[in-house]
Amino acid sequence: MSFVPYALAVWIFLVGLYGIVTSRNLIHITVCVTVCQSATYVLLLAIGYRTKGTAPVFADIPTEGRRVVDPIVQSLTLTDIVVSVAVAALLLSFALKAFEHHRSLDPAEMELKG
Amino acid sequence: MSRQLRTGLFLVSALGLGALLVWGLVGLHSFGNYPGPYGDLISSLTKPQRHTANAVTAVVFDYRGFDTLGEELILFVSAGATAMLLRETREYDVSDIVDPVRSDATRAFGALAAIVLFVLGLNVVAHGALTPGGGFQGGVVLAAAFLTVFLAVEYHAFHRLAPAWFSEPLESVGVGSYLVYGLVALAIGGSYLENVLPYGTWGRLTSSGSIVLLSWASGLAVCGGFLVIFGEFAQENMAARHRRSK
Amino acid sequence: MIPLQVVAIAFTALGALAVVLARDIVRQAILFSIYGFSLVALFLVFQAPDVALSSLVVGGAAYPLVLVGAIARVRAMQKRDAE
Amino acid sequence: MNVVVPLVVTLPLLAAIVIVLVGKFLPNRPSTVMALLGAATPVVLAAVLLSRVTSSLYTYWFGDWRPRSGSYPLGIAFAVDRIGAGLALFALALLLAALLYSWKYIEESHYLYLALMLCFGGALAGFALTGDLFNLFVFFELMSVAAFALTAYKIEEPSPLQGAFNFAVSNTIGAFLVVFGLALLYGRTGSLNLAEIGKRLTEDGRHDGLVVTAFVLITCGFLVKAAMVPFHFWLADAHATAPAPVCVLFSGVMVEMGIYAVARVYWVVFDGVLGEFQHPIRDLLIGVGCVTAIIGAVMCGMQRHIKRLLAYSTIAHAGCFLIGIALLTPDGLAGTSLYVLSHGLAKGALFLAGGILLATKGGIDELLLFGRGRDLHGAKVAWFVAALALASPPFLGTFTGHALIDDGASALGLWWLPAVVAAATVGSTAAILRAGARVFLGIGDREDPLLSENPSESPPPHEEPNIRWLQAVTLLLAFAGLAVGAWTGLAANAQEAAHQFTDGLAYTNTVLDHAPTLAVPAEHWRTTAESIVWSLVTLFGSAALAVGSLYRDRLPRSVTDRIGGVLHPLRAAHSGQIGDYIAWLTFGVAVIGGLFAFTVR
């Protein structure tokens, strides 16, 4: 059972990739990329978790002798979330511009050959 | 590649990738037994070293504050580029936009919600060193407060409250003050982004030295950045309405 | 693992699948905000309130609004082309 | 030193922010001057930095989180060695050249464009200097996001932004692979500092699935940026869409950053724990490099869109860079670093010459531009000088880099490897010469049955661009690329730097315990007769193949049809479909991971 949270990260990542590979819509792909990225949040937080641990915020309670979860992975995840929004906003504006040009969001209908 | 071939190739490869990932992940400690030591050291040090109650905020703005500078810059670049791209071919004026009719109750509720969100956002930024929250979360809430005006009150009010000439400099000033604080620390002989301010009393809004300052800087940057992005996409949205009304 | 974690994990796993399989972008946007909330719940039971708060503001407000803006624009252009 | 290190990275970023803040209210010139200053000052600082780290690695701790001896690193460190500092200097210098060119190229040198370029440059410098795995990811993303935005920057044509979209999705997925890998390493070692991770992995000694998977994921993630087959598809799309001065940075230094990161992470983090698997790692990476070099060269020969042609030539050369690194010896690394230097300058000149064609002739298609470049004397000279530099002529251009890699390969008994490198060079250089001959000299057939059909860009020519200025910058880069090979002292420097770079233990000790690195004495490299032979082979081979490919139309139809049929599947694989690209990416990671797992087991 203790592997399940890690497996969740793998699952989300692969499902997101599947979405990108099979998608016919640039906006749909953007959301799938964000889903992929959420796999990395899950993995990071799962790694830093500690059973019966509390959040690393010491407002009122005494700090000594408490089990706390890892604050590092949480700060990494915060950065990761900002990155995901920034990338998603860019991808969506690319998708809109591509739509203006091709009048379609389906990548298969856009010419770009090697 | 045909669609079937592509999906087939992917599914077979995904099986391999999945197996690889699982093979790697079984080498980790079992869930719930984080072994440390980085996080534990930080958890035990933030209070004595920095008088900060929220270890995550201490990591974000002090121990690993340089990462956060990069993060703010990523948002800065993304917002600037989004604005550049979406404005390029926009062929109408803001004054052409017609707001949909909303009931007075909705508008009053929207205005109230916006004010509440605004205060909440300021609160979240200010208390970053004490409770969950900080510059990023508060900044997004602040931007959402403005956006509530757009959603529930009217587009023109939103446009007047958060025009591009306000949100763009707001963002630059936020990111800029984060970066310049680092240079100030450098100029007075410290290391880049070193926490050279007095740490204050634990549990106060002004405790933790530069953590509070940087939290506010990133709050401004994030609020400005999201306002730019929201503003552009809201205008895209309104462009739809504008065309229909003609 | 505590039961709450199991529930949150199950919801997130299903949510991700549902988001990806929704081929209509409007439906996908709706499912995506639901998925965002399941992530918030997951982060809360992982004892990460800071991340949960960010995820809430991003997944609950910022991201869907940007998405809806983009979709509305596409719809409008399609409609204009059709006329 | 304490001041120099952070300034190298933060000054371009600061200039970018200031330009965004005030650029809207100013005419173009002040913004441009500010941008040039924001790029030139860090160039000087990076040169100072490079001159100061000759004897030992310099560690800079942000926020003054320097660990006291034996304690744990809490903050983020920059660990600056000669290769890192040299790469940062090179990136910033190319940025400066690109900005100088843009000054007259991008008519209304838009302030957002300048800011994006500066952010890109700052991110490249930070990426080259950092010694922290997560910080490496942050700079990777900052570099990527700026690059995506620059790709979409529209001046060339009403461009299909699908190129930018494909680029963004591929590289973002690559970044996720890196995050997965770093999460695994963090779970095992509890650290994000490269030196600390390496130390703990070595002490732990286990080389189980976790370590192998982390290695494969991080390597593949960076190889996406390095445009290795089968992760390379985005590169040509991005180059076709991006403005010419931006392509200079993409081809000249961004792709190389991916390879640099693979090398850095291998030597600092994995060399200790995976040391006994040096052979399979070498074989695997050399295999990837060879396939990339050959496919890049073949695809290069089939392009008529000049920017795509140059992009595939970059893929061919990047394959050779990886081969140099993959030898896992200091000599190979030294060869790659010299090669990168000369290639970046020469390829930059070629893209700038392409930009001149776009600006003055309103096209970028080899056959449509037939003979129309005759009057562009500066661009013409620059084109052929740069092509010469890439052909590895004796003692000029990429020669020393090639020779070091070849000798390194021969020393390991890989006698066939120089032939692969030469073949890739011949193939890609011949295509460059062929296109140059058609466009600038007007010789050869006007039809070519083997070239891909491409939707051609046909933007209106710019209104009176300052051709003289553009050609001057282009010539400068071209001659620099050729001359850099003649600078004999550089080889010895590169060798010393490579010895320093590959000594992971010394790196770890310096970062964590401030023990000074001992300069590793290197037996200095000398030109061998074999190098001269290979050099002449590539030089004359390129010329001969170029002449041959100018007249492909005269071959019997049945022969060209046969060749076209053989090449068709390869061409079809480069479909422009992001779904295909991601399927191939998954395939690549699965195959590389599977092969490696199989050999380690």
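Just so it is clear, A, B, C and D label the chains in written order, and each chain counts residues from 1 on its own.
Convention: contacts are C-beta pairs under 8 Å (C-beta built on N, C-alpha and C of every residue); 3 or more make two chains touch, one makes a residue touch a chain.
Here the structure is a predicted model, which is why all the values come from computation and not from measurement.
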item: Between A-D and B-C, the pair joined by more C-beta contacts; value: A-D
item: Approximate Å spacing (C-alpha centroids) for the pair subunit A, subunit B; value: 15
item: Approximate Å spacing (C-alpha centroids) for the pair subunit A, subunit D; value: 28
item: Euclidean distance of C-alpha centroids - subunit C vs subunit D, Å; value: 37
item: For subunit A, residues contacting two or more additional chains; value: 2, 4-5, 9, 13, 17-18, 21-22, 46-47, 49-50, 53, 55, 57, 69, 72-76, 78-79, 81, 83, 85-87, 89-90, 92-97, 100
item: Residue numbers of subunit C (touch at least two other chains); value: 1, 49-50, 54, 58, 62, 66, 70, 73
item: Of all residues in subunit B, the ones touching two or more other chains; value: 6-7, 10, 14, 17, 21, 25-26, 28, 31-32, 36, 38-39, 42, 54, 56, 64, 67, 70-71, 74, 77-78, 81, 85, 88, 132, 136, 229, 232-233, 236
item: Category of the chain touch graph - line, ring, star, complete, other; value: other
item: Partner subunit C, residues of subunit B touching it in the complex; value: 31-32, 54, 56-57, 124, 132-134, 136-137, 140-141, 143-144, 147, 226, 229-230, 232-234, 236-237, 239-241, 243-244
item: Subunit C residues within the subunit A interface of the complex; value: 1, 5-6, 9, 12-13, 16-17, 19-21, 23, 25, 28-29, 32, 35, 39, 42-43, 46-51, 54-55, 58, 62-63, 66-67, 70-71, 73-74, 77, 81
item: Subunit D to subunit B touching residues, read off their complex; value: 2-3, 6-7, 10, 13-14, 17-18, 20-21, 24, 60-65, 72, 74-76, 110, 112, 115-116, 119, 122-123, 126, 134-135, 138-139, 141-142, 145-146, 148-149, 152-154, 180, 184, 186-188, 190-192, 206, 208-214, 216-217, 572-573, 575, 577, 579-580, 582-584, 586-587, 589-591, 593-594, 597
item: Contact footprint of subunit A on subunit D as seen in their complex; value: 134, 138, 141, 145, 148-149, 152, 158-166, 168-169, 172-173, 176, 179-180, 183, 186-187, 192, 233, 236-237, 240, 299, 308, 452-455, 571, 573-579, 582-583, 586
item: For the subunit B and subunit D complex, residues of the former touching the latter; value: 1, 6-7, 9-10, 12-17, 20-21, 23-29, 35-39, 41-42, 45, 62-67, 70-71, 73-74, 76-78, 80-81, 83-85, 88, 168-169, 172-173, 175-176, 179-180, 182-183, 186, 190-195
